[in-house]
Amino acid sequence: MSAARLEVRGLTKRFGGLVAVRDIGFSIQPGEILGLIGPNGSGKSTVMKLIMGIERPNAGSVRLNGAEIAGWPTHRIARAGIGIVFQHSRPLHRQTVLEHIKLALLPDSLLRLAADPAVEGKARAIASRVGLETVLGRHPGTLAFADLRRLELAKAIAREPSVVLVDEPFAGLTPSEVASFSELIRGFRAEGKAVLLVDHNVKSVAALVDRALAMYLGERIAEGTAETVMRDEQVRRVYLGGSIEAAARVSTGTDAASPLLAVEGVSVLYGKAQALDNVSITVREREFVSVVGLNGAGKTTLFNAVSGLVPYRGTIRFAERTLAGTSAAAIARAGIVQCPETRELFGEMSVAENLELGGAHLTNAARTEQLAWLLDLFPILAERARQNAATLSGGEQQMLAIARALMMRPRLLILDEPTLGLAPVILEQLSKALARLHTTTEITVLLGEQNVTFALPHADRIYVLEHARIIWEGPPARFAAEAGAQYL
Amino acid sequence: MEGVQILVDGFAISALYALGAVGFTLLFGVSGVLNLAHGGTLVVAAMIAWLVATGLHLGTATGALAGVLAGLAFAFATYAAVVRPIQRSRAIPREETEIFILTGTLLWGIMCQTALAYIFTTNPITVPALIGGVVPILGVRTPRNEILIALACWAVIGALWLLINRTRTGKTLLAASINPRGLTLLGFELSRVHLLVWAIYGVLAGFAGVLLATFLGASSDAVGPLTASAFSIVVLGGLGSVGGSLVAAYIVGYLETLTAYLVAPTLRSIPPLIILILVVYLRPQGLLGRR
Amino acid sequence: MALPRFRLLQVSVLIVVIAALLPLWLSAYILGVLTTAYYFGVFAMSWDLLFGFAGEVNFGPTFLIGLGAYTAALIDNLLGWPIPFCVAAAALAALVGGLLLALPALRLRGPYFGLVTLVAVLLLQNVIVIFAHFTGGEIGMTVPDVLSVDAGTNYWIALAVLTISAVLLFGYSRSPLGLILQAAGQDPVEASSLGFNVAKHKLAAFSVSAVFSGVAGAMLIFYLGSASVDVVVDLAIAVQIIIAAVLGGRRTILGGVIGGVFLIAAGQVLLPLGQLSTFVVSAIALLVILFFPDGLLGHALRRSEQE
């Protein structure tokens, strides 16, 4: 191997007792694009921050053109030749696009009170290169989302770095914008820069990367070409939960004319990013519906819109009542209870107190009865009743979160990504509990999952969400044939 | 002899400081608001108690009740007129809400101070003691009222502890301070939780104001210094930590009493300031702070 | 883009010329009020450089002002140096104070740094009271030298200090350094990823803010003929400075002048109300914060931007 432009060896980072990154190593040659992929919480973003010096590694080395830069302050690393494109930016409100690019070209000196006249020309050249030449005089507040991303790109390459790190290059972009951004990134490769793309999944960057490295729970699980990584057994297990199989099951959904939940043409914007684009789904009484999609596809946004936690356009009706104008808490009391991806437990309160709060709106008798039923469904919670929620294991926390949501006696239970970061043994327990829930109660469930193996067996119907849109709908039996192949 | 005197006086003063600070820290813990009109709440309660007790000759007990109610009313006014409009304003960027609430409540406190000075003049007032007489404690003649104040402070703090840890309403407050979003998902309206915590804050500050007026006295000029001392105690103990505030109140109370007796009364406020700076530099989350 | 900036220059020059001619018509009393207001304007601009650009909330601008003022007063009293040397010493003392404040600012965030600045003021106030033998304690100390006994001259000096400070501070804020500082204040991680040493730029801002505060503080006491805690150190003054800057408009620098003059002038106009004048001024400031959070100048700028 010739001398690598960027060489990372044995990189390790601990936050308290948690190992976020363990012994990660890779190298990128000049003119090469490496994709660093992994689901939420896999440690990929931490790796990027460690390279940039935003976090300090506990161990390991980062070499730029052979020189050790691990542990340097960020501004020195930037000047040594590494540029970073952040996913979320906070541009200055009173400055124009041109001024933002000029900022990135300024020397870090306290004595240069006036900018070099050449800066203006250089800034304009960079602007034309990334496609901002028509909006030079505008303020960031008036820019379209893609142009804000272009501005980030422009700033990152202003100092002509030899290594470019890009965080989620295509998040929130339309297909044509994705194409033009890909072209820009290929341009970096042509110039001989080393590029690191960090993303949730291989699929979105597969066409662009020369090699990919997959991470899970802080460790490397696969490396190679995009195809090899996509076909890798362990990667498929992480994303899909193993091979896709649909259990034949009797649909329990009633065929009532009007659905329990009707989401019609709902769109959500985060700032300027389109997080949900004209999405319609229905859930009938006693039905189990799964929405599957990779991280970042828009599942959480959809559920938050239903729960009244984010503003949206379109209509959402529950039991034939429109939910617009109802507060999130009132929606929860009306019977739509969400158990979020982040669990949102009361960490410094005991398991019993968490459950108690879930049942606060019930009568005393109903609460006792519901609690007894739930402790039967999740026996481990009875053993842990006096323990603080924060001290539970990940799987136990997930069970507590589900049990706490069920304490509210929901008509519709929304489960967002319950398998996130859990070990296979726990998944099995969770799966059994869901099956029991489904067969022994009248509950209606809307499940959001990346893990298809977990989502399929329970479901009466499946929706596939990709890039903020519903792209497929059907029974689980048809999923493997029609949607499974292109899923990852 | 002097040692016992310091122990006794320090205990009473610290208890009062603790009561003055717990409401402030509870409000921050549950709703994230640092109320810089805090001194105003205390003095309003003190002044109304004085007005009703001596101005209207209705006795100290009635005055005390009126004072607590005045503290409650002023707390609600602060929330409705200053804090909620800022929290709901669309023109104020989210990341700047904090500085706006600080500036807004500061201005509100100044308005309160000048209004009080206009109505009641800047002369210090003292509400007559609830009970008279002195009791010797280990040879130190201690006013019964001082003992009553210390006991009353601890009774109120104890009641607060029971409320938070033993009632369902209190657990809601605790949950809101840990994870407000989790509480929303369980069907609790955060706006109601906030209203509740402002009510508890008003009652606690009202009590502290009334007791202050019967012990050390109060004047409109005390609005600023009272806010500053509550803020210091709360930061020393750890923002949002009720237990931390109690410990810090005793550290500050005893340090001040010690300095006043052993060095000079004019220097009493300096050692706590130095301790505060050291803590903020070395342990910014405060003595018992979580974050 | 060039047009509004050109207009800003024209308007500013016009305002300075009119302000310079005011002694021809106004009484010595009103000139005195404006003289104080102008020094206030410098305080508010210095504060805005830290808050609006470096992103640091300093609740104790009077720590820096008081350091400068008392250094100048002590040197004038004890050593009898001429005024310019006293002012230079004031600038130096404030600079040291500014660097002392900057150290925690680089480590602490949010309310904690604000608290340090608050405590710094209280400590300074206590030190002044403890060393009452030198400083006159709560009563204050007179200075043997004054700038001038003529109201007009004092007014012109204050106007000159204000104009020079405004040009330098505004120039700093609009220069490449101001741009970097603003980026560092808004998002330190991103600014350092662009290769900027955030700590260096923040230290520079603290130094500049401190020097202007100290100089204006010293000039103010040589105008008044005395230094006292109530005028240059008290937290109430610190609050007024912050209000002046927020009222005028955060991140505008020049807004501080408008806010300072408005605050002092309003206080004087409302003087017949006696004690209630502070009440009315605070109420107006509160209403502006609630309904025009961008401040007077900020609101005007935003409207012209939208046009």
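Chains: A, B and C, in written order; residue numbering restarts at 1 for each.
By definition in this document, a contact is a pair of C-beta atoms (placed from the backbone, for glycine too) under 8 Å apart; a residue touches a chain by one contact, two chains touch by 3 or more.
In this text the structure is predicted, and so the values were computed from the model without any measurement.
A.B. asks: Are the chains arranged, by touching, as a line, ring, star, complete graph, or other?
C.D. replies: Contact pattern: complete, every chain touching every other.
A.B. asks: Would you mind telling me which chain pair, B-C or A-B, is linked by more contacting C-beta pairs?
C.D. replies: More C-beta contacts join the chains of B-C.
A.B. asks: If you average the CA atoms of chain A and of chain C, how many Å lie between those two points?
C.D. replies: That gives a centre separation of 46 Å.
A.B. asks: What is the distance in Å between the mean C-alpha positions of chain B and chain C?
C.D. replies: Between these chains, centre-to-centre, one finds 32 Å.
A.B. asks: If you average the CA atoms of chain A and of chain B, how far apart do the two points sit, in angstrom?
C.D. replies: Distance between chain centres, rounded to whole Å: 44 Å.
A.B. asks: Spell out, as numbers or ranges, the residues of chain C touching 2 or more other chains.
C.D. replies: Residues of chain C touching two or more partner chains: there are none.
A.B. asks: Please output the residue numbers of chain A that touch at least 2 other chains, ranges allowed.
C.D. replies: In chain A, no residue touches two or more other chains.
A.B. asks: Mind pulling up the chain B residues that touch chain C in the complex?
C.D. replies: Against chain C, chain B makes touches at 34, 82, 85-86, 89, 91-92, 96, 98-100, 102-104, 106-108, 110-111, 114-115, 117-118, 224, 228, 231-232, 235, 239, 266-267, 269-270, 273-274, 276-277, 280-281, 284.
A.B. asks: For the complex, give me every residue of chain C touching chain B.
C.D. replies: Residues in contact with chain B: 51, 57, 59, 104, 107-108, 110-112, 114-116, 118-119, 122-123, 126, 129-130, 235-236, 239, 242-243, 246, 274-276, 278-279, 282-283, 285-286, 289-290, 292-294.
A.B. asks: Which residues, counting only chain C, touch chain A once they are in their complex?
C.D. replies: Touching chain A: residues 1, 171, 175-177, 179-180, 182-183, 186-187, 189-190, 192-198, 200-201, 204, 251, 301, 305 of chain C.
A.B. asks: Looking at the complex, which residues from chain A come into contact with chain B?
C.D. replies: Spelled out, the residues of chain A in touch with chain B are 307, 309, 327-330, 332-333, 337-338, 340, 344-349, 353, 356-358, 360-361, 404-405, 408.
A.B. asks: In the complex, go through chain B and note every residue touching chain A.
C.D. replies: Touching chain A: residues 168, 171-172, 174-175, 178-179, 181-190, 290 of chain B.
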